[in-house]
Every structure is written in C-alpha cells, then in structure tokens.
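In what comes next, chain A is part of two complexes: it sits with chain B in the first one and with chain C in the second one.
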Partner chain A sequence: MADLVNVTIDGVAVAVPKGTLVVDAAKKLGNDIPVFCYHPKLKPVGMCRMCLVDVGTPKVDPATKQVVKDDAGNVVIAWMPKLTTGCTTPVSEGMAVRTATQQVKDAREDVLEFLLTSHPLDCPVCDKGGECPLQNLTLAHGPGQSRFDYEAKQHNDKHVPLGDLIFLDRERCIQCARCIRFQDDIADDHVLQFFERGRHMEIMTLSEPGFDSYFSGNTTDICPVGALTSADFRFKARPWELDAAQSVCNHCPVGCNTTLNTRLETKTGGREIKRVMPRQNEQVNEIWLCDKGRFVHHYTRADDKLTQPMVRRDGKLVEATWDQAFGVIAERVRAAESVAGVIGDRIANEDAFAVARAVRSTGKGSVSMSPAISAAYADIVRACGVGAATDLKQIGKGDVILVVNADVEEQAPVWFLRLRQAAVDRGAKLVVAHHRSTKMHRYAAQIMRYEIGGIDAWVADSAKLLPDLTAARNVLIAFGDEKLDAPAARSLAQHLANLLIDSGHAGKANSGLLAMYPHGNTQGVFDVTAPMPAVAEAGVVWAVGVGDRADLPQASFLVVQDVVMTELASQADVVLPASSFAERDGSYTSGDRRVQRFYRALPAAGQARPDWWIAQEVARKLGAEWRYEGAGQIFADIVTQIPGYASLSYEALAKGEEQWPPMGRGDLYYGGTVYDNEGGLGVRYVAEAEVGTVVRYEVGAPIAALSGLERPERMLYQDGELIRRSHVMASHVVKPAVA
Partner chain B sequence: MLNSMLKEKRSAEIEQILAKYPPERKRSAVMPLLYLVQEEYGYCTDDGMREVAEICGIDPTEVKSVAGFYSMYRKHAAGKYVIEVCDDLPCVLRGADKFIDYAEQKLGIKAGETTQDGKITLTTVMCLAACDRAPMCQVNLNYHYDLTPEKFDQLVDELKKRDE
Partner chain C sequence: MTTPMDKHVLLRDEDVQDIRELAVYQANEGYAGWKKAVTSMKGEEVIGVVKDSGLRGRGGAGFPAGLKWSFIPKDINPKYVTVNCDESEPGTFKDHQLIRNNPHQVIEGTALCCYAIGAHVAYIYCRGEFKEPVQNLQKAIDDAYAAGLLGKNLFGTDYSLDVYVHLGAGAYICGEESALIESLEGKIGQPRLKPPFPAVSGLYNKPTVINNVETLANVPGIVLNGSAWYRQWGTEKSPGVKIFSVSGHVKKPDNYELPLGKYSIQDLLEMAGGSSTGLPIKAVLPAGSSSPIIPAVNFHAKLDYESMGTIGSVLGSCSWIFMDESVDMVWAARKMIRFFKHESCGKCTPCREGTHWALKLYDKMLSGEATMADVDMITTVNKQISGKCFCPLGEFSTSSMTFTLKHFRKDYEDFIAQGKGGSAAYRRELERDHHMHELHGQAKAHS
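After this line comes the complex of A and B, so read on.
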C-alpha cells in the first residue's frame, strides 16, 4: 500500500493509512486512548478533551530542511508545547506520540474530575451502569477523588421524554454531542440539538412528535453515559444480568445483525428478551439498527402467543395435543384433492424448505409464498442482484445509484443510511425515480418524477440514462414494487436488469439489483421453496407464518401455523403453535443474498415448536420417512438441492472476521454498547449473472401500474400482527392510506 | 397545523430579511427572523420558532438551538419592555450592583421577574460593551447610560406611559 504513514506510539512503530487519526492508530496497537466525544463512525469534533496526548514530529533544520538526528543517529522529535487532542490529529510521517507521560495522566485526571463535577454518580440506578464508558474511564484514568464540593452539584431534570421512545437524564449528559452528530451526519434527521450553553446546556428536540427519527435507538448505544435511555429498556435490567444470543432481524431485507439480551424473570419464571442490540457487521448494518428492529420484539412474549395446538370442535378452537392436531390434518389431507402450502417470507430457510417438502410429499400439494408479489421477480434478483463481493462502503465517486419506485428509508432503513452515505459522503451519483417525494430525494443529483400509475412512462424514458450508466464505475439499482401488480413488478425488474446488462454491469461486484422486499427472508423463502403462483382454491390450505395477510386460496379446511394468535389463526380449523425466531436456530437470506445464521435465545414457549419440526411431523403422519434433528441438517440438504447455495455450508456462515474499527464489548468506551460479532458474518451467495452468461430479458407484461392503487405504499411502521403487539411502538403504528 | 401568524403580520419585513441572503442560504436569516418572533410574541415561542424553521427550510430543533445559544433571545414570557442591566465586573466596579438593588426596589420585583401588569421585566446580563458609561442598561434594543436612581425613575415612568 502506497499511502501508509509510519508513526511511533509510546515507542512502538506502526504503519497506518494516510489520514488515520492518532486515536485510531493507537487502537491498532491495542493502546486505548480514552475518548468521549470521538466515535469512529462520526466526524471528530474535539469537544471533550479526554483524548489529550503528547504529539511530536521530526525536527527539521530550518536552514538545510533536513531532519535533525542526534549523535546516535536517531531522529530528534520536536514535541508540541502543549498536549493535543488525538481524535482530531491525523498522523504524519515520522510522528511520535506519547500516551503515558505524567502530563497526559494529569490531563486525563483533570478532564474526568471536571466531567464529574455535576455528574450525579447514580450508577446504582443507572441503566448504563456496568457498560458505561464514563464509569470505565473514571476507573481507569480518573483521579479517585474530587476537589469539588459535593453539595455544589447542579440538579437537573432526570426524566425528560425526548419522544416516547427515548428519555433524557439531563444530569448525566456530558455534552459530547455524539447523539446530535449521529442524527445530523448519519440519520439526517436534525431533531436533536443543544439548547443554552455552559452549565445550562442540555439536549433538546423541537420536532413533532419529539425525537422524530427511525433511528433514535442508536443514540442510546453511542451515548457514553446513561443520559439517553430507551422507553423499552430503562429500569428493566442491569447489563450484567443479561445473556446474549446472536440473532438477525427479520423485518426487512437488510438483515441487520442483532444481539438478543435475555434474562430469567422471577415474575413469570420464564426467560424474556429485555432488549435488542446491534451486533457489529461492517458488511451489513455496521453498528446500527432501526427502531423497528430494536423495539418490535415484544410479540415473542405476547399474551396471545401460541403455545398449544388447537383444533376446531363444534365451531370453537379448543386445545389439543400435537398428535391429535396432526391426526386431524392427516385425515383432511388424505381426503382432499389438493393441498396448498402458503409460506410467509419471515420464517427461516430451514422452515420454508421443510414446509415445502412436506406439502409436496403429499403428492397433491402446491407451494406458494406470501406476500405473493415478490415471487414474481425474486428470480431476477437472484440472477442480477448485487455481485457477491459487493461492499457498500466502496460505493462512491464514479458510481451511480438508481432508486426506482422505492422508498428506501421506509422499506430498508439501514440500507438507506448506507446508500445515503455513498451519495453524500463519498460522491456517488444518486438518481431517484418515484411518483412521490421520499427522503432519498434530498440527495438526488437527478430526480425523475412520474405520475402515480405512470411508471411505464419512466420506463420508456429510462433509456436516456444508459450513457451515464455505461460510463459509471458501478451501478446499484434499488427498486420496489409499490403500486404494481405482480406481472408489472416482474416487468419492471426485467427492465432494470436489462439496464444493468446493457450498461455492462450485470454480475459485477458493487453493481446489481437491490430489492425492497417486504420482509427479512423473502429471497430465502423464494430460493428454498421454488414457489408457484397461488392456486385459487384447495381442499386443505396450510398457511405458515403468513400473519394476517389475506391473499390465501379458498379453503375447505384451513391450517394456520404461526407465532401469535393472528386474526387469520382465529378463523382456522387447526392452529399450530410455531416457535418465534428467538426460540430456535436457523438462517435467513437477506435481500442482497447474504445468508446469515441466527441462534436460539429463549426456551420454547409451551408446546410451540420450530416450523420445520411441525412440517416434518405432519409429513411423517402422512407416511413420509424423512426426519431432521436440527436446522443444520436441513441446511445441508438446502446446500445440495438449491442452486446457488451449493457453495455454502452452515459452518461457513458462522465464521467471523475482525471488524474494524473494533467497537464491541472489549472496547466498551470506544464505540458504545454494540456487541461483537460472534455468530458469524454470513456469506453472500453468487449471483447467476456472475457465473453464467446473462441474456437480456424479454420484458413481459406492460408496466402499467394498477390503476385502482389497491396496494398501499409500504411504510416502516405499517400496522401488522407483530408491531401491534409491541407496547412501545403502539403510538407509531400507521395505517397507510390506500390512495 | 402550523400557524403562520408571523408570515401574515410581518410579511414585508420577512421579505426584506430574506432578500439579504442568497436563496440557497435562507438559513442565514434565522437570527433576524428570531427577533421578529420575539417582537411579535414577546419571546421565542415554540410555534414562532417553527415558523422560522419553515421560512428558512430547516428543522425547528435547529432554530431553537440558535435561540438557546444566544442570551438575547428570550425563552420565556417577558414583559412588554425588558430592562437588561449589565452586572459584569467593570460595571459593578462602577456601582451596577447597587443600581440593580435600586431597580428591584423601584419595580417591586427581583431581577428575572416581571411586574404584575406584565409591562416590565428586569434582568441582569453580561457585558454589553458600554462599560465606560456604567451603570447601564438596555431596554428592548435601546441603550441607556450613566444611570442614577433619578434617571431610572424617569425611564420607568416613561415606559409606563408609552402605551397609555
């Protein structure tokens, strides 16, 4: 690497890329220079002075312009007269840094002593206690005692609701502006600011509703003290009581890596999710989560969580044993002429695979997925989706991001953060085509607006983008199916794939399609089940994980398998209780084809079992011989049977790699309370266009939007069976207007 | 819905202020517009600040932050006239502290308070750059120098008479 700079830190030499800040260079050596306002994901501001170090550069003779050497031949260092903030100082060739001198130690003690003058020190009741940078740094670098009068501490409001999700404790805030900078620079929702100054300075919001942002929860992670806490977790548990299970969010196509913190509850005797935290995966979510992913988890212990099989007797659903339920189903399946399996796109790959296998092994089964529309184009995404080596961090100058008929912030929030950064911070050209305004429009270099229902006009017009696309280094196309019916959505995907093919970008790393699928495993369910369009009616309809969605075939006998008592389940003839994602292992395939594993966090609730187990038992009742012992075994079958997955293995998905900058538990004070990635980074399988020749698509149906607009626009907090069961999200749920 | 009282009542001034800045730098108009809000509503009300945000095309939170940073934007309801007396060191050396005592006694309120009739608010402020003519004060945006009890009495009488 040409651009490496050599520096010495406490006598240890290290070579780091040009532009690296002193704190990060030290970090490379495992030397943790304490910081508060600095955060590796935010631009440095040098506000808190915690990172003061002694910096020098090689002494240069003004006359000869030569570096001065001492008698022994060592370069003489000209030390700066005062300490410097390591978080704002980029390294330079030959720079020397001292982090352990008495002067530096004194500075650290002083900064901490001042920070604590009015800090309440209510660690025993503070949510951050135990994972608090201020606590940790005080222990490591603090003076031990204060010269200030305890009675002179200021007292401020400790329970200021910034919105209904985030609370501010004014006394604890150390005014580092991490939260403000996150909102300004990353989320681009300018809803937090300082108010007043000096000792009266406080964090404030004037948005309506307060702290109006889909990403507000992240500020509680990066706040270096307990000043910002979430309505969900505050006063609920101490961090050291929590167990951590590695998981993956399944609410949108991003597939953010999460950690489920659980605890045994004395009240219920059961284990509960206390909070959902990010898990660092620089390829997927870095260290961020949206508030939906963070706060929707309450359905996993909803009052109406299904824990017992039920069958309808005399018009009423009554509890039954598994065997009774299987018996009833087997009887009806044997008698029926056809069986339709409808598989929701939030269940795991292993579940979907096993359910499809069970349905097909009846010999009269057909498999479809729900919502059905994604199945109309998921094969095109599999062919022309982003190349396997794609790294969103590399998208920047010279690249084009085309957003078509998608509202990325509403439909894939963390992708929104990342695409925005590619455009705003790294100079990718953003072209947005939509029938309404979205947040993405703010950063667009080119806006192509069409009438509602007039997307075919845009398609006809889009040929004029070709020269730009062809000239671009990489081309990413994010698209959605808003207001389209299935044939039209397919045609749009075909057309966009053709743009990639015609501009020479199909099957390339950092180029390809990104689909705004409705849920976290849409691609996976499509891949492992090879669904067909739903049939109009069937003797037995077996709906698995479809929630309240109504696009089911007409059924003379309805089996509903789900996690909670949905409206649909309450109309079923048999209800089968499925484990939530938190109660079992499995894998999801994100919208950009990254297959990721998630792990069990909670014991099974009552009789609930994983979908794959239920499917296999139904099949066995009907005479099938196959049996799996666990998700890993099913995945092995997926690898051998599903094209594209052949290069994967369950073990490979669990492999990790050092994440830079390191921000997990071991570095609590550096990046916040994000978790290390111990569950694996997942593997993106190769797009078909990368290995075979790609043939232009014959675009099928004309891309006329549905004129009746029956399909509403998809919003992040759209009403649904899961979000409705989270009390903290209740006031956020929206019912999108249909027109 | 956001009220647009400011826009209705002070549209000419708003236009004048906006005309001073390039259209893509409308946010620069925040500070003069905040003075309008203060005049119109007596202090920087949340709704007034929201109006400014809308006019400048920025977020209300950012407007409030500006108002919060500068001490001459009032954040609480105040009297029609705000008497701000400097109590920084140089002024105190010239007797500002005693003068403030007198002002409090005359108005029957403490610094930071407003008279019963809602007319006059008395506050202390930092250096107003008129140290050489202390004790001094500022009433709304006008300076008064070399204050004595007599001069203050006159000033108060005059303010009280102003709206009769």
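After this line comes the complex of A and C, so read on.
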C-alpha cells in the first residue's frame, strides 16, 4: 500500500495515498470541487481555474523547524495568500483545505460567469444538453444572472468539421484542452491543437485528412461541453430520450464495455441504436472506445438486415416461414452424408455452443471455425494466456512487453492505449518484433526487425531475449498471425508460450500471451465449440456468422445464418435471419479470456431470432429433444461442460465493484458521458498453466512465414460486411491490397 | 548623453565607439573575464562571485541571479541557458540597445552563465521584431566563433560551447520564461504549470537557466573585477547599475544607465529633460503596462527595488513612460487593457475572458454611452480577474485598472460627465482601432 497522507477538508479528516490531488481527495469525501479542465485520466493543467480552493499547510517555526501550535494545542495552519487550484495541488501531510468559504464560493461564481460570457447558451439545441458539466456546474455554483452585455458576445463558427467523424462548435468550446490532451497523452495522435490566442484561441486539426485518429470519438465524451459532437449522433436525439442497455463490443479481442443508447423512432415505429457509448470498466477499456466500436453499429438497422427466412426456389431466394426453412434444411440434412457447421468468431458463446450442439446432434456433423486461423492457436492461449488476476494498470517498471508479429493499434486498439501507457508512463520495457513499422515501434526500447517472410529467423534469434525475460518482473507477449498460415501461426504461439515457460512466467498474474484475434469472441467460440479443422466438403454446410467463403468446405447445399444479407448469404440455398447482438442477451470471451455479459437493447427485428434459438429449432426438427428458454440456461450448460468455465456463473459475470475514480454518467462530477457499469465487470477464467503443470510445447510445423502478400495485414477499418454498412465510416474503409 | 555614469558598465557603446566590433570589445577588456573563467575558475566559483555581487534579474522579477544558477542540479545533463531577449513590455528598449550596440558583452555574459552551470548550449530568444538588431548579434556570434571564443575546446580546455539565436513570432507572453521555453521547443507560446521550475525541468525538460539580456550583460564585469567592484554602486539589496528606458512626454527619451538607489524618479525625469509639452507630468508607468502607475506626488521615491515597494509600485523591467496632464487615464487604461486583451494567451479563463470583458467596458466608456454603473462594473470585473490567473500576465492586466481607479478616479467621473460630446477624440481612437482590426481581419482572410 502506498504511503498515506492525512489531510482535512472543511474540517473532515481523510487519509489518501501520497501524490493524490486535492480534488480527488475531496471526491473521496463526497466533496465535489467543481472542475472543467481536470480529468483523472489526463495530466492536470490548471487552466480553467474552476477548482480554486483555500489551501494551507501546518505553520513551521523557521527557527526551531517545529510545527507551531496554538494555546489549545491545535496545529496552526499557514493559509496560502491566494486561492489555489485543487486539481494541480498534491496533498501533503497535515494539509488543510477550505472549499466552502465565501471567497471560494465567489471564485467559482466569478469563473463561471467569465466562461458564460463567451458561451452561446444554446442548450435547447445542444447535443450535450442534459449531460453537460457546464450546465450542471452553473446550476450548482454559477451566478443566477450574467452581467455581461449580450450584444458584446463574440460569435464563432458553429459547424466546423474537424474530420468527417467529429464536428466542432467553436462558440461552445471552453478551451479546456481535454481533447488536445487526450490526443497527445493517451492516443498519441497529435492531430489537435490550439490556434491563435486569447479570446480568439480555437481548436484546429493539424492532420490531413482532418482529425486523423482511431480514437477521435472519445473526445466527444470527455469534452465538458457540446463543442465536440460526432457526425453519428449530432442533432439525432436528446440524452434524456435515450434508453441505455449494457453491451460489449465484439469487433476485436479487447471486448470494450459499451452502452447502447436506443430510442423509439416515431418515423419508423421501431427502436434504433442512436449511439454507442463507453461503459467504465477499469479492467478492460477504462472509459475509452475506438472509433470502429463506436460508429460501426449501423448494420443493426441496415436496409438489407435479414428479418425473414429465405429459401432458394427456381434459382432465387424467396421469403419463407421458419417452418418451411427448417423443413428444407431437415430434408437436406437427412439426405446428406455429412453436415459441416462453420461458426464465425463474433457470435456469442451461447450461440456457438448451441450451433455446435445442433450440428453434432445430427450424428454426422463436424464443427469448424471461421476464419480457420483463429482456431489454430486458441488452445495455447487458453493454457498460457495472461494470468487470471492480470491488471494491465500494474504493468510498468521492471516488466517486459514483447510484441511479435502484431500491429496492436490496428488489431486491438484499446489494448494499444493500455500497453502504450504501461511502456511510456509506467516504464515497462517494450520489445517489438515485426516485419514492418507499427505505431508501437515509437515506444520500443528494442526493435527486432525481420524481413517479410523471415519470421523464422527472428524465432531462431529470440533465445537471446531469455535472460531479459527471466530477469523481468512480468512478461506480456502480444502476438499476431500476420502473414502466417494456420500451422505456422500455431508454431509461433507454441514458441512464444515456451519463452514464457522457459523464463518462468507461464501461469502468472500480469504475465502471459495476448492474442490479436480477428474478432471479439474468437476465444469464446473456440472454447465452447471445440472446433476441428474444416473438412474439405460436406453435403450440407451450415455457416453461422461467417464473413467470407475462404474457410468453407465445398458444399452441395449451403445454409447461411447471419444478420445482414452478406455476399455469402446471397449465394446460399437457405438464409436464416439471426438477431444482431443488440437484440438479445449473451456473453463473449475476450482475447484475454474475460467472459462478459451483454444485454438486449432492441426488440427482435421481424422474424430474426438469436442464433441459439435457430440452431435448437433445426435440431428439434431433426428429432432432438433439448430446448433452452434463454441464454442464461445455455450458459449454465457451458459452465458444466466446458473446462475452464466451471467456476463461472451468469451472476458472477454480472457483478460489479466500486471503480475509482467514479466516472460514470450517474456521477457527472468529472464530466464525461461514459456510462456507469451496471452490467458487470466480467470474470477472467483461470489459464491452464495457473493450475496444472506446464509442459514445453514441441513446436510443430516450421514457422516459415508466407512471403509476399498472400495474407494481407489486418487493419482496423478493413473492408468487411459490417463496417461497409456504416455510412459514417464509409470513407474510412480500406480495401486490402490483395484479396 | 547626459548621464551621471562617467563610465558605463552596460551601455558601453556610449563611451567606446564601435564596441560592437570584436577587436574593439577585446581591446576594452572584452572576453577577459571569459578567458579567466574558463582557464582558471571552477563553475561554482563563477556562481559564487555572481552570488556575492548581489546581481538581481533585470527581466522584471528581480530574482538574485547567482542564487538561480545555484539551483541547477549537478547530475542531470544536458543543461541549457536561454537568454530572454523577448523585450515586449511596452516602453522597454534596453535589451535592444545591448544586442545591437554591445552584443559581445551579452554573448560573454551568456557564455559565463553556461560555464558556471555546466551548460554547453545557449539559446538567445529574441522577439520577432528584432530581425534587424539580431543581425548585429549574429555577426558578433560568428566573429566570436571565428576567434575561438565560442565552439569546441575553448582556450585549449575540454570545455565547448555553442550559442544560437532564435527569433520568436511576436507574443508578449513569450517573454514569460516557461512560455518562452514552449515557444523555443516549437510549441504554442503558453506558460507551463509550475512546479517544476525551469531550473529543474526547463528546455526539453532539462535543467535550464533563463536570464534577461541585461542581467547577463552585467556578468563579464563582475567575473573580471569581483563582486566588491559591482557593489560600489547601488544599495545592499539593490546592488549595481540598471538601465532605465525612458519615454513618453519627456524631451530626451532614451536609455539611462544609473546606479541603483541613488536617484529619485524626479531626478530621472530631469535627466530626460523634463516635460516635452510644457504641461506638468501627471504620472509615470515605471514598468510599462504591467506596473502600478505612480502619480507625481510620489516622484521623490528612490530608484531601487526596496523604495519602489514602499510607494506601492515595482521596478520591474524599468520602462518609464511619463504622461503629462493632457493624458486622460481612462484612455490610458483602455490602451493597456486593449494590449492585454490582445496578448492574453488564452490558456486560463479569468485572463482570457476578463480582459475581453474589460475592454468591452472601456470601449463603452470611450463611446460616451457609459454611466458610473459601468465604472463600478470595471471595478468588479477587475476584482474578478485578480488572484485567479494561471500566470502573472493576467494579474498584470489588472494593475492598469486598479491603479488608474485608485489614483485618478476623477478622470473616470469627468469622462462620464462629459457624455457623448466630450469624447470625440476618443471616438477617433476607437475608430482607428476598429480600422486596424478590420485590416487585420482582411489580412487574415487573405492569408
């Protein structure tokens, strides 16, 4: 435990760790000193002057160097001559703070009145209205009336596109620099800056294209006013009209906690996602999201969203009833010699489990995963992945982060933020091995470059890292499968696991493998389905949530189950409409094995149903007797049948705990529209190496990388069935150089 | 020049012709202190003699130079010296004369500071408008390099030193030391949060000494002749000599180098030839727009740090702007507020918004539409700014209001009483400002 320092705030004593700032110490006591520029995730700057308080320290006699006491034996406090910013002042032993004196009250009122002299006060049409710190603090501490002459107000541009995702209202900006500081200190994309000075000072973008960053949406959350708004949400709804459902992003292995804000639309009569917001989970995403996770949601109401089963008649897909569709499938399955279930790695654990069960209950079924490469090494991650008690915040000095063949910012954006902070702010040693430059290289203490196709040379060379790894307190190894085929990717994972075992870090908290899986539930689908490599061909191929053809067996009959009319679906013999993640409950297992629940936000679209329900009905049509009433019941089966999940329960996953500092929207103190976590923080299941003995892997296939461009690098905005359907993201989508 | 100094310490160009030339400077003891230090003194010894001399910073705050140098941690490298030649305080033009006419003495002082603290690089940060005088400074630096006074292995020792000149882009705030550092690093010129202070974490987050040009110009003499020599001038707390930039309603506006503590404000006025208009002098700004205005009744005060304090003002950067009875203090205060509104960096709320608001109120005064309620409002806004700003600039902005209201409230009352008709002259002033503003706007639109 860090050294504690004793302070009194308005006469109330509190002990806080050394280095705590006065505002945070006061927050511990429930004393909200108003702040605008201060944000606990950013370094303090002391710009806005909202947090002025009266600070004093014990008076020391210069002659005796003793603390002076009055006649009653109380320590005499030497108050500072001027008010001090509580956001920049760390507490010291015996410090006294006054936050309720007339002088402090006046200062708050004064600063607020100043801020409002140049504020347009267009709250009635402002997107932040209703969740705005400026509104709240004005009500709490501001003057009832401004003495500023309205005519003298300065007017500025109100709809400035900083990029195509984020708009700036220059009149509303209170020059707190939170947005700039987020971009500089957290995202490390130096794309925002102040321009001009004094009352003319304004935010501008330095990049071309404008506001070029994967994390731009976060600035709209932490902007304490409605100056930054997203192209996605601006003028779309008022905060108080929105319902909130707790969810989890499934677009990459991080598993960021989200809140889906929905509203009933009078125009369409349906409920829609109006925005995706972060939900605080200090273990996962803290309060951040990447822009893909925030803006990709439009497929949930795409024009070609599947709402009705379809069967192919006379070469054309035509609408059918569920019963007709199940009938056709059952008939073909009965006639076929084999059935191949192919499961995409974004569907929920419960879906994958039920689909696998349905396929296997035909008695002639095999289950594989798409993309196949994900399944190639997930068992190794299950064994040697990060220890269950791992907390990325604790990675720092004395630790080594080894990044191998992965582009963390492109493949797990929020992990990038967190690993970067571990290296840059907390001093972990970062070693990056790759065939090309990535953003991570900026922070590397050691760069190990190999040629495209030359990863085997690095592997041969990597033994020289062992002394460093052995000496390190903790070792995290983030790795990817760029330019590798499945056997080679498996060998790489085995080799990296061996590095952990040889250096004594396998199965330890804050050490282990972190895999850059392609989607949000690769680990989970692997865990609950125990997939085999895909067969070459099958009588019936049943593809569930599969993005592309690449890893499908040859089929004489193709059933595609998905959320939208994908290219693959348009070629199917039967198309089954699955509910999107927003229309049902379920759970995902993130790339670091944290199992997290998500909750229903929207009603079922048309006839669309959860994948698990569809799977079970197909099975029942074929004579199976099992039946689930809901996702929770399936999870109960997962717990009893899937090794590793035995210690979990839906209740445990839904448990929360106090997160410090509290930044949820229920407590607008720090200003920011991140949501409280009411859906649970999730539970990371124990890695096999933590409980059993670990045995070195016999590295299988040679780790010869594919040379050239056979497997394109995986980019965040890479073209895909879902991102393609988000109009706000359209201009960002990148097509791979080689398909 | 009529000055009581028979031999200048700083403005030596007034005694020695062409002292800007290296050969002339060297013929007049130039770089003798430099050679002495590098070849026979330790860094701490140089710090010691400067400490003993009691030399105080001439950039405004008057902080003891030797003490500042002694704060530099020994074990963190590299260290830097940055020379503050931003000289942006209205009415200040002393550093200008030094770098233009006696540049080698500035370079030698800079070099001695570097040697004292163990720095090997110095940057002289000059305001952007100094493009022309900087040519002299740069030539002097080039000559010093050519003569082996700067560069590698000086005087056959292993001590090396590089000196660079950097031109700012024209911002008053870049004279503030931490904003200067930001600007030097290529960032927007805004002050940094302190602590840490530059001595611990300054340029590129390394230990850095920042001194004013004039401060450093004193150092060669001190190192060569010793601290007692320097203390022959001045008082116990204000030792040495100081340059006074005098302007306004005087016959002979110029730089005057005087021993501290010997002469009074009245003496200074007389040295400058007295009132240029024949009208009595009403008041003086002792340190440009940043200082409490001094009414004529206090002209008996002596020119040193302590005495200025006793009359509620400061020595500051020593830019003395005398104003005669024709000057309306409302007009003068507005000029200054306009300056601060224009120069506010925008980082903190009270200065950014407060100066904007205050200027609006003064504009209203000038337009002839104000009432005494507006005067009260000025008082209120002034109070609302003070004590809350991030850096001294915002606090400086209040003194023009505070002290014109304190000493010349009658000007405000008369102004209101005159009403619309009485303010024709000021309306012209307003119009001129607006015209300038438009020109500025057009220039911006075209750029």
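Here, the second predicted complex is superposed on the first by the 729 of 739 C-alpha atoms of A that agree within 3 Å, B and C clash if a C-alpha of one lies under 4 Å from a C-alpha of the other, contacts with A are read in each partner's own complex, and residues count from 1 in each chain.
We adopt the following convention: a contact is a pair of C-beta atoms (placed from the backbone, for glycine too) under 8 Å apart; a residue touches a chain by one contact, two chains touch by 3 or more.
What you are looking at is a predicted structure, and each value in this text was computed from that prediction instead of being measured.
> Tell me which partner A:205 touches in the superposition: chain B (first), chain C (second), both or neither.
In the superposition, A:205 contacts chain B only.
> For A:107, using the defined touch cut-off, is the partner it touches chain B, chain C, both, or neither? Pick first, second, both or neither.
second
> Mind working out whether A:193 is in touch with chain B, chain C, both or neither, as first, second, both or neither?
Both partners.
> Is the number of chain A residues in contact higher for chain B or for chain C?
C
> Where does A:52 make contact in the superposed view: on chain B (first), on chain C (second), on both, or on neither?
Only chain C; A:52 stays clear of chain B.
> Using the superposition on A, tell me which residues of chain A are in contact with chain B and, in the other complex, with chain C.
193-194, 196-197
> Show me the residue ranges of chain A that touch chain C in the complex, using the header's touch definition.
It is residues 44-50, 52, 82-83, 88, 107, 110-111, 113-115, 117-118, 147-149, 152, 154, 174-175, 193-194, 196-201 of chain A that touch chain C.
> For the complex, give me every residue of chain B touching chain A.
46, 49-50, 58-65, 68-69
> Given the complex with chain B, which residues does chain A contribute to the contact?
Spelled out, the residues of chain A in touch with chain B are 189-197, 204-208.
> Provide the residue numbers of chain C that touch chain A in the complex, in ascending order.
171, 173, 188-190, 193, 341-350, 352-357, 360, 364, 377, 380, 384, 387-390
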